[in-house]
Structures are given as C-alpha cells and as structure tokens.
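Structures for review follow.
Two complexes are shown next, each including chain A; its partner changes from chain B in the first to chain C in the second.
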Partner chain A sequence: MALLEVEDLDVRFYTEGGVVQAVDGLSYTLDRGERLGVVGESGAGKTVAALALLDLLDAPGRVEGGSIRFDGEEVLGASPDRLRRLRGGEIGLVFQDPETALDPVYTVGEQVAEAVRVHTDRDGDAAHDRAVSLLDRVGIPDPATRATQYPHEFSGGMAQRAVVAIALAGEPDLLVADEPTTALDVTIQAQLLDLFDDLAADDLAVQFISHDLGVVAEFCDRVLVMYAGQAVERAPVDELFYDPKHPYTAGLLSAVPRIGDDRDRLQTIPGATPDLASPPPGCRFHPRCPYAEDACTKRDPPLAAVDSEGDAHHAACLAYVDDADFDGDLDFYVEVGEEVGDP
Partner chain B sequence: MTDPLLSAEGLVKHYPTEEHFLARLLGRRRWVRAVDGVDIDIYPGETLALVGESGCGKSTLGRALVHLEEPTAGTVRHRGDDLAALSDAELRARRRDLQYVFQNPTASLDPRLTVGDAVREALDVHDIGPVGERDRRVVSLLETVGLRPSHAGRYPRELSGGQCQRVGLARALAVDPEFVVCDEPVSALDVSVQAGILNLLADLQDEFGLAYLVVAHDLSVVQHVADRVAVMYLGELVEIGTVEEVFSPPYHPYTYSLLSAVPEPDPRWEGERVVLDGAVPSATDPPDGCKFHPRCPIAQDDCGEWDAHPDLETVAESDDHAIACPYRDRLDAEMGGDR
Partner chain C sequence: MSRSPLDGRGRLRVQGFDGDTESVETDDTTAPTAPTAATDRRAWARFRRDRAAVAGLVVIVLMTLLAVFARPIEVGGVVVQPIALAPYDPAASGVAPTYRPPSLSHPFGTDWAGRDVFSRVLYGGRYSLSIGVVAVSLALVVGVPLGAVAGYVGGWVDEAIMRFVDVLYAFPFLVLAIALVAVFGQGFWKLVGALVVVGWIGYARLIRGEVLSVVERDYVVAARAVGASDRRILTRHVVPNAVAPVVVQATLNVGTVVLSAAALGFLGLGLQPGTAEWGSMLSAGRDTLVGGEWWVTVFPGLAIFLFVLAINLVGDGVRDALDPDAGPDRYRTREAR
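On to the complex of A and B.
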C-alpha cells in the first residue's frame, strides 16, 4: 500500500472575482522512501495541493472533494487531534523562506525542542538534547552552541537546515518540501540537496515542490507536472525528461536555458496561464498548445497511460485517449547534446 | 579594440554597519566592504554578466557603475569623463545614457501610477520629445517591449511579474540609453516567462545597440545571454573573460565550484559535484590573503598568507581571460579530470 494516496482532490477559493478552482481532480500516490517532484509555474496549484494534505488551507480556500489517505487512513475530516499528530509529526513541512519560517524571538534550539516536545514524549533536558542531535543530523556544525543562537545569527542555508530539523522532530514518514532551495545560492542549494538525499536514503518519502527542473532532475524519482490546477503528466524522472508526452511538459523543458547549449533563442510557451476563476473550456492548456485541435476545446482529457505496456507514465492529452477524436500526432524532439552537463 | 563605454578603476564601495551610538562615538564603526577594488571595462553593444553568490557585491557594483552609489574610492569613467566629477546637471544628462532596471519588477513600479504614466514620467523628467508626441511615444515603447497599447491604462497590480519587468524595460528604454544595468532580470519569474524576457533583451540589443550589465546568479541564464562574464567573490573579481573562456578550463576554483553546483536538467547526468563548505564569509571581516581560501577545494598552505589577494592574471592563451588564482593549474589534478 502506498504511504500517501490522493484521489480526485478538489480545492476551491471563494473570492470576489469568482470561484477559483485552484486544484481540480488531482490524483497521485507516494510510496515509502520515494521522492516525488511536483513542478509547474506559479499558480499551478502545487503549494495549495500540499497545504490541503494537512488541512492548512485558510479561508477563502476549501477542500471541496476527493480523498487523501495517509498510511491507509483518511485525512480529510479527521479530528483536530489526529490532524495535530499528522502536521509536523508524521508529515514534516519545509517551506521556501527559512527566515519567515523561524520565530525571531526564540533561540533556534528552543524552536526545535518545542517541536520535539509536541510530537514525542520527551520533555525538558531530553527534548533539548534531542534538539541538539537533530541540529547535528541536519549538518549544523557545533550544534550545542548554535542551539543557543537566534535565527538572525544564522545564514540562509543554516536557517533552512534548522527548519528541516524542526520538520524531522516528529520522526516523519513524509517530508513535504515547498521550494526548499529556491531562496538559496546554488552553492548552498547543493549542500541542502545533499542533505535531502541523505534523509531520503533513510526511507523518508519526500514530496518536493519546485519550479527548477534541474533540481527535480537531480533529486526526484518520479515527477508530477501541474498546469492550471490539474496534473497534466506523471512519469518516472528519466522518461519525463527524455520522452515528455504532454505538450506543456515539452514546452517547459525547452524553455530552460542549459549550460552547454548554444541556441540563439529560447523556446517560449505563448500566452499566459489562464484565470482559474473562468478556465478555458476543454483542455485547459489548449489556448497555448501548438497541437490543439477542435476536439481539444470541447473535452477535458483525463490522465491516461501513454502506452499499453507500462502503467508508470501518464499524460492528460487527448492524443492518449483512445476514443478521442484527435487526429494529430505529437512528436517532441528532445535534444541531448554531448556537451550538455559538461560545461 | 574600440574604446570602452564605461570604465571603472580601483572601484571601492564601503558601507558603515548599523552600530549603536557609543560604538560610533568611539570610532569603532565597522565597514561592509561591498566592493573592494574592482577594475572593469564595458564596451559598446556587449553584454557583460556579473555572477556570484548573494552578498558578494554584484548589485552594489552595478549601482556604482551608473553612479547610483557614490564610490568610496576609485573612478568610473563614461566616455572618458569621471562621473563623480560631473555637476548634478551634467550627471542628469548622462543618466539618459546609463539606465538601470531593478531586481523586483513589482516593487520597482509606483503602485499609484498607471503603466502609461510610469513610462511617460521618464520622458517628462528628461524632457524628451515634444509634449504632444509623448503619449504616442509611450504606446510605441510599450509595443517595443511586447505589451499592448491598452496596458497603458492599467496599474502595476493588474500585471503579472513578467509584464511588470517589461514595463521596467520600457521605462529604461524611454530615454534611448546606450547602457542598461539589469539587476537579476529574470530571477523572480517562471521559466516560460523568463525565456520571453531573455529573448526580448536580445531583440532590444539588436535593435538599439545597447550594452548590458546583467547581474545574475543563475549561470545557465548567464551562459545564454552574455558575451563576457565577470565572477565576483566578496567584493572582488576572481575571473573575467568571454563566456566560452569562463565556462571552460582553466577555471578559477570558485568559478569551477559555482559551475559544478548548477543542477543539470538531465536525470542521466553523472558529473562530479564540488560542494563548497559553509557560506560566504562576512564582508565586514573578510579572510586574509585570498578571500576564497577558507572554502577553496585546492587551497595551498600559503593562500591565507599573502599581504593582499592574488591579482587577476591574464591566462596565456587569451588576452581577455584573467583569473585571480596562482594555483589554478592544480585544479585539474586535484579534481580528477575536467568537468
């Protein structure tokens, strides 16, 4: 059984401008120790979907349907007590900006110890000792001294490590990391990725939200691509990068500048992401899709297996829906030069 | 070679740290050495990228080059004239040639001005063109940067990040400059939007013959847009050269580490990664000798013992490529082959 099963999740925001379908029919699973990357542009629903896991959505946002099972147990509608044990306990959270995630008026050690006290039966000195060993675990040098310092005495990378230590306090099975390295320099990002690698090797499942395809390629086993609140492609990382099946994924991949390529112009995806208060009819990507046909404006394609053999690679495009009236051929060419990765 | 458009010599910018009153009274004020002796030339029509980690002084250098910051020492010459020696009126006239596009596209626009007014402000301030023609000029500028004339009546909050960045560019272009500093032009944008802005920068350069200084931390972006690259560490340049030269051996060990840290969007990539220890040291109290030596993968015993940092030395094969590391030749051996 998968550790996390999300089925048909719907999240809506009730705003003055109308009802925004921030997440629409999202389904995915995550196994123990697996690293799932969630990618997409701003506003694709990546963060909202992650917050919904822990019932952390604030008004005007609401989960309107679907099911979220963690370890076989339904999370939606669970008691406040149960949710408290899940949040920061069985599911740890790491957000983008470490400086805002930490409270400036408490020492870092106290903040980790607080999480230890809430989520385990350790108290007093035991909680403090555990906090120091967690700081050590996330690679903070001289953890006993650092525990007595305040967040402003930490650099961005060290502060993010401390946030990870807090997330680990409840000995979670799943870590949800929302753009955990986006605010950091590449050199510090490399250090953090090493840390995540190390943690995932300990059978910790990671849901890794990122807009950086390079980071996802390096860290994740499987990838979920989101567009306008929906999952448009789900595949093992290798297949996604070498054989993308959805036109949006292919567009994203070709928009990334890479070291070692000498293209004069970058590919762009024309247009902008749609207003989710009034999404386009049919496939939500069709107004920007170079392959769109008449049929695409009428029917919203479900995620379908892209070939008959494997069940691992799914894309939400009419081209893969058997009974669809779609006669075009999608043919993406992924260029992998010799020099790529060898600047 | 043609004369440089802008030329900085021994440029230094130190800021006082915020200290309390007593420390100031006793003269114990400390200084952040944001830019600490930089020589750099920018030629007409080229794109020079400035890269480095946060806090290395990239933005300060960019601002000092167009005299948005008064340098602590050193000079910036524009067409041979020292910017610091110009009168206010003369400097204002130079601003028409030297423009700056700020990092955060939404924060750099006045929320109470419509897009049209924001662009027109630049024309009014510098009194460019007949008054009656200015609205038409605003519309043509918006079209130049890929916006529609109807955007002129909108407020910044009604625009996306990419569109705001285009407005910032339209404002800079309004005065018909020859040099534009773009401070992290795409770091706040999604990849698909980022690609559009990068293409626009290239188009504008072709059309108007602009020279750019692109301040960036994303090396794959830099490799895509720049002609030349300058790598900065703790207020100093450690390497400078054409993109091809800087992105291939010989490397400064810092450049090498930066390059190897960039995640490759390719799951089958199997390169060796150099992970630097720790973070950039504080610029108030930088290390002695070579400022990079405490984090350097090939640091030698005497790297911390120089009186000054190692100077930029021209690499044998090319006049334009200079590296500030006397031990750069050891990099290959120590790192086990090239990357």
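On to the complex of A and C.
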C-alpha cells in the first residue's frame, strides 16, 4: 500500500470573480521513502494541493471532492484531534520563504521545541534538548547557541534548515517541501538538497514542489507535472526529461536556459496560464499548444498511459487517447547533445 | 550530490557544476552575531535615542514619585511609606486664610477653603495617574482578548463582537459616561468603570485589524502545520505579533483617559466633590476665573497639561521604537475625539 494516495482531488476557491477550480481531479500516489517532484508554472495548483494534504486550506478555498488517504486512512473530514496528529506528526511541511515561516518573537530553539512538545510527551528541558539535536540533525553548526537566537539572526540557508528541523520534530513519514530552495541562492540550494537527500535516505518520503526543473531532475524519483490545476504528465524522472510526452512538459523543458546555448532570447511558452475561474473548454493547454487541433477544444483528455508496456508514464493529451479525433503528430523530440563541460 | 539519475546522459544535465558544491560548504553560516539581542532590548535602545520621549518619561516618573511620596501611605494601619513631600494635609481646610496668592509658605496659594493648593496638586497625582493607568489596563484586559478572538475566529463571533463595538462607538463618549455615572453613582471605581466601557472598543478594533493581517503570515500557517491548537496559535503566535500598535495606542490613551477623567471631574461627575483630583479641583475653582484668583485653577490645569504632554511624547517614542517604519499618523485614529 502506498503511503499517500490522492484520488480525484478537487479544490475550489469561491472568490468574487467566480469559482476558481484550483485543483481539478488530481490523483497520485507516493510510496514510503519515495521522492516525488511536483512541477508547473505559478498558479498551477501545486501549493494548494500540498496544503490540502494537511487540510490547511482556508476560506475561500475548499476541498470539494476526492479522497486523500495517508497510510490507508482518510484525511478529508478527519476529526480535529486526528488532524493535529497528522499535521507535523505524520506529514511535515516546509515552506518556501524561511524568513517568514519563523515567528520573529521567539527564539529558533523555542519554535522547534514547541513542535516537539505538540507531538511527543517531552516537555521543558527534554523538549529543548530534542530541539537542539534536531538543529544538529539538519546541519546547523553550534546548535546549542543557535537555538537561543532569534530568526533575524539566521541567514536564509540556516533559517530554512531550522524550518526543516521544525517539520521533522514530529518524526513524520512524509515531508512536503513547497519550493524549499526557491528563496535561496544556488550554493545554499545545493547544500539544502544534500540535506534533503540525506533525510530521504532514512526512509522519509518527500513531496518536492518546485518550478526549478534542474533541482527536480537532481533530486526526485518521479515527477508530476501540473498545469492549470490538473496533472498533465506523470513519469519517472529520467523518462520525463528524456522522453517527455506532453506538449506542455516539452515546452517547459525547452524553456530551461542552457549553458553553451547560442540563442539570443530565452525560449518561452507563448500565452499565459488560463484564468481558472473560466478555464478554456476541452484541454486546458490547447490555447497555448502548437499541436492543438479541433478535437482539443472539445474534449478534456484524461491522464492516459503513453505506451502499452508498464503504466509508469502517463500524459493527459489526446494524442494518447485511442478513440480521439486527433490526427497530428507531436513532433517534438529531445536532442541529447554532447556533455557540456566546465567552461 | 550523492545520486543523480541523469548523470552522464548529455547536455540535459542542467546543473552542470555539481562537482563543485561539496567544496563550498562553509558559506552557509552567518558570522555569529553578538549574543541575543531581544526585540524589546533593541526597542529600548531606539527609545533611549529619542530625547523628547525620554524627557516625557522623566516627567512621568517624577510626577509618579511626587504623587507616591506626597503623603505617607498606610496599609492596614502599618505605614509603608513614611515620607511626606506635601507640606500640608491636602484635605485639611483652614491651614491658611482663603484665596492666598502663591507665596513661600504656600507656593501655589490657597483655595476657597483655605487648603494648600501645592499639597493638593501633589496628592492629586495619585488619583489622576492611577485612574489613567488602571482604566487603560482594564480596557486592555477586556478589549485585547475580545478583539483578538473576533479577528481570529471570524464569522458570527466576529460580527457579534464588532457590531457591539460599533454600537458603543455610536454613543458620544461624554453622554455615555454621564449616563453610566448617573446610573451607578460617583466614586473611583465607578469612574474607572465608565472609562473602561468606552475605552476597550478602540483596542478591540485595533487588535482585530492587526490579527487579520497577522493570521495571513507564513509562521501562523507553519504553526498550524505542526499541529498546534488554535488557542495556542492565538495566544503564542498571533497576539504577540499583533499587540505592538495596541501598546502604542494604550500609552497614548493614558493621557486621553486622564483628560477624560478631568473632563468628567470638571462636570462634577468624577470623584466626590472636594477630592484633590485635578479635574475636580478645576471644577471647584471655576468661579475664581472671574474673581482673579488664577492660581486655584492654573496649577492643577498645568499638572494635567504636563502629564498628558509627557504621555504623548512617550507614546510617540514607543511607537517609533516598536515600529521604526510606521508613519506618524498610523495610530492616531481615535485621538481627535
């Protein structure tokens, strides 16, 4: 049994501009110790889907349907007590911006200790000692001293490590990291990825949300590509990067700037993410898709297996739907060139 | 990087430099700063640099000391504070002929009953200052929890509390206070009660607004994400981060409340007539304005003026110290009453 099973998740935001379908029929699973990358543009529903796992959505957002099972147990509609155990105790959450995820009025050690107290029966000095050892675990040097300092005395990388320590305080089985390295510069990013790598080696599952494809390629086992609230492609990481099946994924990959590239302009996907209060009919990507045909404007493609052997690789495109009225060819391909050496 | 499934497969390796990351391990630590400087310590350092605020604080401390040491204080028959700075008993009449102008033996002159105005002004500080401090503290005790709960819980709780606040706001302050005093009668605690009833609504509104903005912060979501209970989040994370403007407002309001108490005293609705409270002294001496005995009213009036001015200076200083970015008008919503 998978550790986390999300089925047909539906999240809507009831705003003045209409009902926004932020997450639409999202399904995926995550095994113990697995690392799943979730990628997509801003507004694709990555963060909303993550918050829904912990039932942390606030009005006007609401989970309207579907099922989220953690360890076989339904999360949606669970009792407040159950939810409090789930939050932090079974699923830890790491935020994008460490500087705002820490409360400025308490010492970092106190904030880690608070999470320890919520989830274990340690209190007082025992909780504090545990906090210090957690700070040590996430690689903060001189943790005893650092524990007595306030968030403003921490650098971005150190603060993010502290946020990870808080997420680990309840000894969760799954760490949901929402763009944990986006606010950091690249060297610190690399160190944090090392830390996540190290943590995941201890059988901790990680759902890694990012829009940095490079980071995802490096860290994850499997990738889920989201567009406009839907999963458009789901594949093992190397298949996704070397053999993308969905035009959107191909567009994302072509937009990654490369060292040694001699084009003058950065490649983009034309257009913008659709307004989710009134999404386009049919496939949501069709207004931006160079391969779109008439059929694409009429039928919303389901997430289908792209080839007969194995069911690891799925894409939501009519090109893979047998009975679809789609004649064209997705004629993109990945060119694997020479290894780019150090300049 | 220990593992990378894409290693060795050509130019799709987006992170082409990962061999180097191991060697730049050290940049991540900030140089340890000086031992923990807590927020309030930094605030105090900023406050100290503000000369006007420090002057105001000195005036307040002086007036407080003068009030405390004006006459001996007895608790249960035991004298706990034996010093008497005031030369005469403030309530004793006939210590000198009536309406004596200021002189060496009576620096502020005497009033219609032959009481020493200097002693009464010193002693009166006890009433005015304690009314200000007690009324504001009680108003905080009522307003902060109600406003915080309204902002945090929202929904009909919010509606109920804030509409009640709106109703109280709709009453002219003096009319409401007069009605309360008329119903409950005069006396220290009744006066304080009337001031609290009209005072807490300002704090409730202010902290509700702050709470609404603080609950959107990531650390509140983070606290929920580690499974902290609502009560814990509200008391430990939301209120401490929302309370700064309320502290500023409360400091400034001590002056307003002292003024309000004086106004009520002047209308004869404050403490018992004849009490050495500054407003009541003004009230009792208002006939003398025509007669030319200026000292009877000028000195208690000056005391009120000085105290309120000092409070305002301190309040501004506190605001700047707690929130150096805030403009001067940010907390002045209800001052123009």
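Keep in mind that, in the parts below, the second predicted complex is superposed on the first by the 336 of 343 C-alpha atoms of A that agree within 3 Å, B and C clash if a C-alpha of one lies under 4 Å from a C-alpha of the other, contacts with A are read in each partner's own complex, and residues count from 1 in each chain.
Simple rule for what comes next: contacts are C-beta pairs under 8 Å (C-beta built on N, C-alpha and C of every residue); 3 or more make two chains touch, one makes a residue touch a chain.
Being a predicted model, the structure only gives us computed values, none of them experimental.
In the superposed model, A:149 makes contact with chain C only, not with chain B. By the document's definition of touching, of the two partners only chain B reaches A:41; chain C does not. Applying the stated contact rule after C-alpha superposition, one finds that A:166 touches chain C and leaves chain B untouched. By the touch criterion defined above, A:241 lies against chain B and chain C together after alignment on the C-alpha atoms of chain A.
Between chain B and chain C, the partner in contact with more residues of chain A is C.
Legend: residue contacts after superposition of the two complexes on their common chain; A:191 is shown touching both chain B and chain C. Using the contact criterion defined above for the overlaid structures, shared-chain residue A:208 touches neither chain B nor chain C, since it reaches no partner.
Judged by the touch definition given at the top, the superposed model places A:258 against both chain B and chain C.
Once the two complexes are laid over each other on the shared chain, residue contacts for A:105 go to chain C alone; chain B is not touched.
In the superposition on chain A, A:54 contacts chain C only, with no contact to chain B. When the two complexes are superposed on chain A, the residues of chain A that touch both chain B and chain C are 155, 157-158, 187-188, 190-191, 193-194, 213-215, 217-218, 237-238, 241-242, 256, 258-260, 336, 340, 342.
Contact residues on chain A toward chain C in their complex (touch as defined above): 51, 54, 56, 83-89, 92-93, 95, 97, 100-107, 114-115, 118-119, 141-142, 145, 148-150, 153-155, 157-158, 163, 166-167, 169-170, 187-188, 190-191, 193-194, 197, 213-215, 217-218, 221, 237-238, 241-242, 256, 258-260, 334, 336-340, 342.
Taken in their complex, chain A has these residues touching chain B: 41-42, 155-158, 185-191, 193-194, 211-218, 237-238, 241-242, 251-253, 255-261, 263-269, 272, 336, 340-343. Contact residues of chain C toward chain A in the complex are 1-6, 8-18, 21, 24-25, 27-30, 32-33, 36, 38-39, 217-219, 221-229, 236-237, 240-241. On the side of chain B, the complex with chain A involves touching residues 53-54, 160-162, 190-196, 198-199, 202, 217-221, 223-224, 247-248, 257-259, 261-271, 273, 275-276, 279, 339.
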